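Note that the chains take the letters A, B, C and D in the order they are written out, and that residue 1 is the start of every chain.
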Amino acid sequence: MEQTIAPSEMLLHLGPQHAIQPGPYLLDLKLRGETVVDAELEMGYIHKGIEKILENKTYLQGITITDRICYLAALTNNEVFCNCVEKLVGIEPPQRSQYIRVIMEELSRIQSHLLGIGEFSTDLGFVTMFLYMIREREEVLSLIDMVTGSRITHSYLRFGGVREDLPEGFAEKAMSVLNDINKKLDEHEDLYNTDKIYLQRTVGVGVLTAKIASDLGVSGPPLRAAGVAFDIRKNEPYLVYNDLDFKVCTEKEGDIFARIKVRLDEIRESIYIIEQAFDQIPQGPLFPVGTPYGRRTPVMRVPAGEVFCRVEDPRGEMGMYMISDGSDKPYRVKIRGPVFPTMQALPPLIKGTYVADVAAIAASMDGCTSEADR
Amino acid sequence: MNANNIIKSLTEKFPNEILEPNVESNIRISSYVDKDAIVNVCKHLLETLEFDHLSCECGVDYPDRNEIEVVYHIASYSHPVVLTLKAKLDRDEPQIESIVSIYWNANWYERETYELYGVKYTNHPDLKPLLLPEDMLGEWPLRKDYEGFPNKTAKNLV
Amino acid sequence: MMSIVEFLFNPWVRGTLGLALIGLIFFSAVITVWLERKFGADIQSRIGPNRVGGRFGLLQLIADAIKLFTKEDLIPAKADKLLFVMAPIVILGSAFMMIVAIPFGAIVIGDKSYPIAATEFDISVLYLEAVSALSVLGIFMAAYGSNNKYSMLAAFRNIARMIGYEVPLGISIIGIAVMVQSLNIVEIAMAQSPLWFIFVQPIGFAVFFISILADMGRLPFDQNEAEEELVAGWGTEYTGMRWGLGLFAEYIHMILGSCLMVLLYLGGWNLPKFITGIFILGAFAPIFWFIAKVVVVVMTIIMIRWALPRFRIDQVVDLGWKVLFPLSILNLIWAVALGLFFGA
Amino acid sequence: MGEIIENVSFTATSAIHEFLKKTPLQDIINWGRKNSLWFLTQPMGCCGVEMIAAGCSHYDTDRFGIIPRVSPRQADVIVISGYVTKKYLPALKRLWDQMPSPKWVICMGDCSISGGPFYESYSTVQNIDEIFPIDVFIPGCPPRPEALIQGFIELQKKIMAREDKGSEY
């Protein structure tokens, strides 16, 4: 961004502490009146050096660290890490574990989307909706809590399986909660679709077309809202997603309204996936039989090699590149988070909009600073 | 789009620049690339092979070989093949041409690699630190011989 | 009988009553803030304050006030000190100047009703509108004085919005003035004895309601203190007591705006004659009737706040000029036509 | 009044406050302060999400009069809810300076207490307690919202007992 300011222009620093932010980042805006002329994003305020830390932890310790890459998608982060190690070692989790992973990851997707929609609503001044969304999110969190024992950072996955089996009666409880959410979601969506002010604020605002989105490397709901049906679960199926029936939710417009619509649809789709998973889940062991892998695998040497794995995070494509040199610690881990490109796409997207729309657009992209900074 | 076809197309177009092509599985390919040819290879990938999504770009440090590798993971929105391109750079003075002109979102990845490994990207529009404060520039914390790592611990911890 | 009237018209008594009124208004603002927190909590399926002062958190606002008044008072180094210090006073002052002209009910003795107002003059509606717009000046002073960009943006928005809503507000009031043939608010209130003006001029009421919401700066028109964009709007740099004063001024503004709405469109304090004919009821019932209506209006405004998202500033100005302004003209034509039809 | 901060002028006199501290009136003031602890919304990591959740329907800190404020000028409590990095520390210090006293700090989560899982990182700052006068530490990674509420209640108890570090004003 040019630092020179014309007489009718003004430089506004949004951040590092500001209400629109899920975590600290600095958005430098150059304004002419209410219009954003130029924007620049500066980040790294919560850069923790996770990649370096992972190089110095054993593989089992690494699971705990991957929880904290993004606090809203701990399970998918676990998944991609375990996936890498499993591919390097050459094991595959048994069917039951895979189904449990699918169930838990979809639950995690639901809670993440609920928070995302809620935070977006509060940035439009729609505080009540935020509280409603969080209310429903708490129900999902208590389900996750029931299985993993924690609300946000679970460390639930293990190499070749999962830490605990599902508790008794989990399926019934989960389905009753999810059906409830499904019903409430219909109400909320009705509200979103009919509220005139909401429509004025969202329809046609912050349009990210498919061409631009793919140029900017965006993935996840912002890309799908632009009409590109790109979902790792379909394009490059992992776990048992091949056996499950679901559709990739897309919209055409690519504006804020479409992004929120995609998230709402995805919550429904996730509920549908969980329903199927509960029907199809087989009995059996949690860890591959005949291998030393189990709940506790303290010292584990991974054969030398390298692997790049991708899973579908609530926010898009989560990739991990792992190089092993045959020791008990990874030689290099590169985390490719979905938010990093999304955040990078924010400054070009908000150019030419109003200050009030900056908040709405930034929130509708559902950024997670922690993951972008790592 | 088939993994073998992609490799074939690449090696035919760049016989001298693409080294050690390797088909790991039907959706994963890896290859070394000559560091001077990276922009041309990327252009070819984008224009003829539908690799329109730069998934990731990072550096890897090999102090015993005195090399820094820059790794590009190039994927596509339409087919599931991911190509891992690696370029070897001299560790003492790592320098490579930027691919921002082809993949726009390489911008931040390159800034990140610059501040963590010290890889200089020529023709980069705005090469400055992204994640670290300005005064940490030059420490290259993700290199294997970075000294500040285990020592800078909390005083009351073991 | 006459002695009571004379007693009431004694300037000293009226002055004392006026002072009491200011205290009451402050108190009612406290109640409104409390109501907003409890009511908002209810809508959001929370509980709201319930630890301080019994189950209903009655003392919560007292605690907040004590805290605000004992907090450190910071004035930023680069602030314009005079403007910074004066701004909350101007904001509060504009609210208090409104009190002067607003009648808070009336005492009905026999056939005559004596409105409880500090003064009664012929152009009181015009005065009210003018004074209420003064708060914009205060907000601009606060923003300019505190030398903060967020505040400045808020003040610009505030002025842009005021230009948008002030015209339809004025024209919808003219619609009423044409019908009553007076700009005196007491006469307007009394003229609604059998029929409230909301039924005579529904369009005018809609325009007035939306404009007065914008005047108060309540959601969906609170662009000047949009927390998510502009931190705390004009009050970003204000601490403790000064900020508290500004906050109170906004709530007082809201109460007085509700009073105005009741007086202009919702029938004021008028009650049927068989109720006011009884001596004791005549003294108290109109006041309670008036206050009850005000409470209902305030509750509605609070509910609207928690039920709607916020407009963007250009949309507000659009709404003001493209929707409200033509509607208010339409209402004026309607009022004139009615007047000609019945008056002739 | 505490130390003189450059470029900031004060309008109240410290003598009044010195006198008030000796009288029972301070108890009433403290009662007001403890029942209206407004905290600064400044999520910094995993704990930040729990901080948001603590303000919402299930946990509802508003019951105790604890509400989030966006501007540091109107906040009483700053919750350090995550790892403090070298890049963020100057901004955090500035936020702290912008808050009017009396003000309190709560350390939420292991990261802010000792560094947590990131204690050996090249980018984080350790020993936050030497930089800020911290009243309450809430352990956990991340602590549940209930724990945050308990932390606030501990702070309330400290304020009532006049043992807190914030009421120097």
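We take it that contacts are C-beta pairs under 8 Å (C-beta built on N, C-alpha and C of every residue); 3 or more make two chains touch, one makes a residue touch a chain.
Since the model is a prediction, treat every value here as computed from it, not as a measurement.
A.B. asks: Between chain B and chain C, how many steps is the shortest route if every step has to go to a touching chain?
C.D. replies: Contact-graph shortest path, chain B to chain C, evaluates to 2.
A.B. asks: Looking at B-D and A-D, which one has the bigger number of contacting C-beta pairs?
C.D. replies: A-D
A.B. asks: Which chain has its C-alpha centroid at the greatest distance from the C-alpha centroid of chain C?
C.D. replies: B
A.B. asks: Per the centroid of Cα atoms for each chain, what is the distance between chain B and chain D, given in Å?
C.D. replies: Chain centres of chain B and chain D, defined by C-alpha means, are spaced 43 Å apart.
A.B. asks: Please work out the Cα centroid separation of chain A and chain D, and write it as a whole number of Å.
C.D. replies: Once rounded, the distance between the two centres reads 30 Å.
A.B. asks: From the C-alpha centre of chain A to that of chain B, how far is it in Å?
C.D. replies: 24
A.B. asks: How many angstrom between the C-alpha centroids of chain D and chain C?
C.D. replies: Averaging C-alpha atoms per chain gives centres 36 Å apart.
A.B. asks: Considering chain D alone, which of its residues make contact with at least two other chains?
C.D. replies: Answer for chain D, listing residues that touch two or more other chains: 56-57, 70, 87, 120, 122-123.
A.B. asks: Any chance you could list the residues of chain A touching two or more other chains?
C.D. replies: 18-19, 44, 47, 49, 52, 56, 131-132, 135
A.B. asks: Find every residue in chain B that makes contact with two or more other chains and list them.
C.D. replies: In chain B, the residues touching two or more other chains are 131-133, 141, 146, 149-150.
A.B. asks: Among line, ring, star, complete and other, which best matches the way these chains touch?
C.D. replies: Contact pattern: none of line, ring, star or complete.
A.B. asks: Output every touching chain pair, sorted by label.
C.D. replies: Applying the touch criterion to every chain pair yields A-B, A-C, A-D, B-D, C-D.
A.B. asks: What residues on chain D touch chain B, complex-wise?
C.D. replies: Residues 86-87, 114-115, 119-120, 122-123, 126-127.
A.B. asks: Once bound in the complex, which stretches of chain A touch chain B?
C.D. replies: Answer in residue numbers: 43-44, 47, 49, 51-52, 56, 214-217, 219, 228, 230, 235-236, 306, 308, 310, 317, 319, 321, 323, 331-332, 334, 336, 340-341, 344-345, 373.
A.B. asks: Inside the complex, what are the residues of chain D that reach chain C?
C.D. replies: Those in contact with chain C are residues 7-12, 28-29, 31-33, 35-36, 56-57, 60, 62-65, 69-71, 73-74, 76, 100-102, 169.
A.B. asks: Can you list the residues on chain C that touch chain A in the complex?
C.D. replies: Within the complex, chain C contacts chain A at residues 43-46, 149-150, 152-153, 156-157, 219-220, 222-223, 226-231, 306-315.
A.B. asks: In the complex, go through chain B and note every residue touching chain A.
C.D. replies: 27-28, 30, 52-56, 58, 60-61, 71, 73, 75, 77, 79-80, 82, 84, 103-105, 107-109, 129-133, 141-142, 146, 149-150
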